[in-house]
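To keep things simple, chains are lettered A, B, C, D, E and F as they appear, and every chain counts its residues starting from 1.
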């Protein structure tokens, strides 16, 4: 991937990634349906949804929302591009965080109770997973002596062997990012709960489509990072990613959604504990 | 701890329980109250059904002999079928079809 | 057939009687109000071990009814409801919805009274464009 | 006389004279031009000095003989204050300093000719720039601010002349502080800043103000005493009290004492309480002394002394203490709804961050420390000015009351948002600094961990605040706010500064800061890794982000333009929106009454409450200071 | 590719219903009927929805909610009224607090008969409404929004 | 701490509540400080309409007070009229009434479990319980001709008989249901995440529950052994029912009560099918009701009270319904303050509210 001209890689990342993401979302919905003994929507359903949304009336509560939705998308795309180009992962993660912050600010720019609560909860989610993501990078740095994604991809040994504890911690982060039970707090992406659609509630039509497309990029990003844990052999990496993806969906289906104070407690004890332990032994 | 795991995995492995409704239709249960039907050949237009209908969905008149049912007002209770002296009203087990305005 | 275990009570004795019921570990079940022309027939139903015990109160129209919600909190909702549906003034409600518990401003006044609906409301669909709003 | 001699004298003594002039000028009619003129003079002087570049200046030893007298005078004032406000602590600390000062003066003091009294290296140049460019801006802002303050404030708050004397005079004191190379001279300026701070915090003469001023005085006097002791030890050990000498000798005890003094001045844990209390002062004071300049004196000293700290155990402890402050102050900021207190905590946290970078002392860290110092000064000054404007505009500094500010004061709000964004988001400098800091501390696990947690916590309170003020109604009627020109213009200049700084961060880094770091670490081998990183940083900043922003912002703009009025609908309130409520957010509830829907931000008091975090954070911080002294003996 | 028909998202509002229609509507989402096969998702808020499913008749208090929910939906949109109550008020039509069917307040596209209608009937109705979304798309800019007013016919009498 | 508190509307259009109900919540962070309900979104005025319709037509009206426990509404109404008119219901009809009652209870509890699971985001459990519920719906349609509102109860008996083959089907259905319950029970009883959400949520003491007049599973979950079936209406004289009680008083205890009641209902159905005597299913009722009577029936949500006053005409003078949710509203109001926002729907659904019952 790195060998190709960076411009082509970047363009590929910008235009091909959403389709992979959409496919994964479709797969997710289909699998979830099967786990509930349903047939479920067609595999291309996410794409139908987004095309439909793009053609709907652009309703907003205020114009500021739109800018934030746009920034959310741009930062996310930028993050994917940076990774695809093998750039500094720490910066990529910062950019990812700003993408999320844009979403949060977009949710808060509307004086709608549920959107606001969703934003506050998204902040709590960030608070609980951000340290783990950075610790993961620290772990990677300690092994590879570099924050560069291209160095990780080029390194000789699989990361998973050196980061066995950070990997599950990352999976927990992934569950938060994918809005899966037991973590689905800020958007109620799956199922209806007390804050309806939370942060995305006040977005509709094309702007909701933007958020959806961003989510596709995000899913690809998470997949990419998982694959990186076994970068020596891409098929093995993909297999691991697929297994993890299945496990996430399984988890979503066998657990109730809990509350965000629980998440904060859990992430700051269990997941952070795992990550810190792993990083510490890399130091020694 | 995670008690639904087994059932969820079973669901994946088994065929979904979904009835693909518009494609495959299940035969309605016998005696099911789907919608009201009237047999004009036996009806005497006595108007009992109209008087007794709880939802006032029926209008019957003797002079121009007419029997009208407002399908969107009918609560499909089947009371008219029960009390019809000539048993000309019956319940069709298939559900009534949606319509526009 | 008439109601068993029914004791008549006057409005001024009501709170004492109800407090007595509370002391006897009766639970508040509900209240029934019927418009009987010149007044209201109000029944308080209390329950203990599947046995109902009723207090019957005759309230002249225009009189005020004391609330028992300070003794039985549960009576709050039904008293608000009676206030709405019969337009009976009830004093000392713990939470007073001010006659907007079940009904709105547009709804008929005292719909459960003998006279029934005293106001008719019609809503209709109009195809007028939005611009006229200004 | 060289130009730089003149300039440095102008920058140190000029403000005192200007201050006197302003104080004596009767009424605003005369005060305003004098203030503007003096501010512009100081600004010009600062810039000229910066253009002159680094220099050193030795002051005649005869003049230096007068130092003890000045010192005596200042300490006498402090003791007098102690008597005046009847606080034994102040008197005690004053007498303690006096005693140490007198003893050290009696020591044989070899004033070496080759050691300059004033040393203006690149670091000092940067500090002088911060003081004499941002400082005068804030002073000019204060014109408009104090005019309003006089009108709205109670009778006792009207000592504006004295206020400006201290505010402008402080600039000279601060310039002197950053230029001086002699510890004794430094200590005098140090005490003077403390005095200025005391007077300005107590400006309102309310009970609260008095209490806060007293707290600031005693905590800073404690630092002053530590500084005195350090100079005494230094003189007694090597016979010289110059900073250069101190670093070169590398004796740790004076260094530790100076670090302690720096901690008090920079309000690091456990000394944070005075800075929080100082927020009762009029906002220009908070902006100038308590975020941009005076509190930077502490970190400036540590950066100056960094070569002596680098690689030592003590340096590590200092870094940990800084990191601890960074994480805990960020956490405490979450539970605050008072805007100025949030800014105060954020200041404390960022000073902690700079201390980490200084104490780690690698080229990257050093560069990060300097970058952070610059960017923090601009952004924070602007944020304080914004809060000051907002406070006067809406009569509250509570973040919760800033709901819908976008409608009431759109310009200030936009400036404030950019200021806050510059504290945490790309392409602004603070993020680059933080990023570099992260990479710099990667080999010290504890610092790294605290840094990571702190960064995550930082995001929480900034995004909460931005979220609160940026809200606009769905049919907003913007009000162009009525803000005095001085308040508006100074913020505008600072805003331009932020944007310019963000735009030039890469050249600035390459041309100025990395040569500085290079010069500092000339002997050590600069690891290729770090510099590679820098390249990627520049690559990142230069093309993808700006490219994408340039590409997408016009598109977004077009989209926003395309939204018609009919597309703007009410927010979702479970279907119970009150009809006709176009700007409020009322829903119908009990009894069909309308009520405005409100969502307070989360302050997470059970988790991050100030009181209970402080209760265990302060003991740990005190322990860290003891450890700092303890490791010296190892 | 006709995506509008393939992904109708639903918001459900219970006006005055006795729950019969509600639970039959919810039953449509469950494995046996599984409307997600058609891309139908119960999104639960008007801002995301294409189809408004209303059960029950309109009363004085929920009329404004119904109106509001409808107004907050982005066009093209369609309305399905479930059951006898939704269509005309059914057995409740004569109640003092019932204003009548949903079409008294907002334009209804599909009526589903029954009391309550079976899930199959509801599915028929929703799919029919989904097809109508295309029709609405065409005159989206032409037709003005329906203005709804609530006004008393006669002066209220004094009690 | 500084800052005002948050005030938000919760409902009426809210996907967590299947019915419109507004809670005006006052929050501090996410802790509920104050919760007040605003209702009236489902108020129709059925009590007044019942005075205008004939007493026979009223059966269909009262069934539509609530679509979930419609049969029990009709049962309570018919039993009241039967008392007034002194009609003795044939034995077979009494047994049939019990069978349909218990089928209704089963479907209602499964429905409730699904909604509860939905309220805490457990979609699979929602799907699982509603899938099991379809079996009940099918047998209901097969035996009574309607899925939800079955309209089988009439004054003097029932409208339809259940044939032998259908009785076998009923038994088969409850067998299937029992098997499905074996999947659901451990999830509700033991699953970590479910217990995290339910245990301790919306706890009231036994004392509070008694004083506030709570009924049904809410009362039984506080250890108050009250189940009106004990008094032996319909065929409960022959089929003994002991109240299912728990002591926790929280949402978890209420869930346990309902799950255990489902097993109990399955047993009752089996017993009723086994013991059902042959004979008529209805006796004709002549004349018009006169006098006043109170009729009570145990619904899935608790005890419903019908006060019926007839004046000898075919129209009633007064029909008053006190539904179980109405009685459980007061306990609900005491449960809400102090809970987390996330638990508001869980607590509200834990009393299994039926707003259309409450407001009629």
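Just so we're on the same page, a contact is a pair of C-beta atoms (placed from the backbone, for glycine too) under 8 Å apart; a residue touches a chain by one contact, two chains touch by 3 or more.
Every value quoted in this text rests on a predicted model; they were computed, and no experiment measured them.
Taken together, chain C and chain F share the touching chains D, E. Following the contact convention of this document, A, E, F is the list of chains adjacent to both chain B and chain D.
In this assembly, C is the chain whose CA centroid lies farthest from the centroid of chain A.
At the far end from chain F, in terms of centres built from Cα atoms, lies D. Between chain D and chain F, the centres computed from C-alpha atoms are 65 Å apart. The centroid of the Cα atoms in chain A and the matching centroid in chain D are 36 Å apart. Chain centres here are Cα averages; for chain B and chain E they lie 21 Å apart. Inter-chain centre distance (chain A to chain C, centres taken as mean C-alpha positions): 55 Å.
In chain A, the residues that reach two or more other chains under the touch definition are 33, 35-40, 57-59, 113-114, 117, 192, 196, 201-202, 253-255. Of all residues in chain B, those touching 2 or more other chains are 2-4, 8, 16-18, 20, 54-55, 75-77, listed in ascending order.
With touch defined as above, residues shared between interfaces to two or more other chains in chain C number as follows: 100, 102-104, 111, 116, 130. Shown are all chain pairs that touch, namely A-B, A-D, A-E, A-F, B-E, B-F, C-D, C-E, C-F, D-E, D-F, E-F. Considering their complex, residues 16-22, 25, 34-35, 54-57, 70-77, 95-101 of chain B touch chain E. Those residues of chain F that touch chain C in the complex are listed here as 36, 39-40, 43, 45, 47-48, 83-84, 210-213, 226, 228, 230-231, 290-294, 296, 305, 307, 309, 317-318, 320, 322, 326-327, 329-330, 359. Across the complex, chain E is touched by residues 566, 569-570, 572, 574-577, 579, 588, 592 of chain D. Remark: chain E residues 58-61, 63, 96-97, 99-100, 103-107, 144-154, 156-157, 159 touch chain C in the complex. By the touch rule above, chain C contacts chain F in their complex via residues 1-3, 25, 27-30, 32, 34, 43, 45, 47, 50, 52, 72-74, 76-78, 95, 100-104, 111-112, 116.
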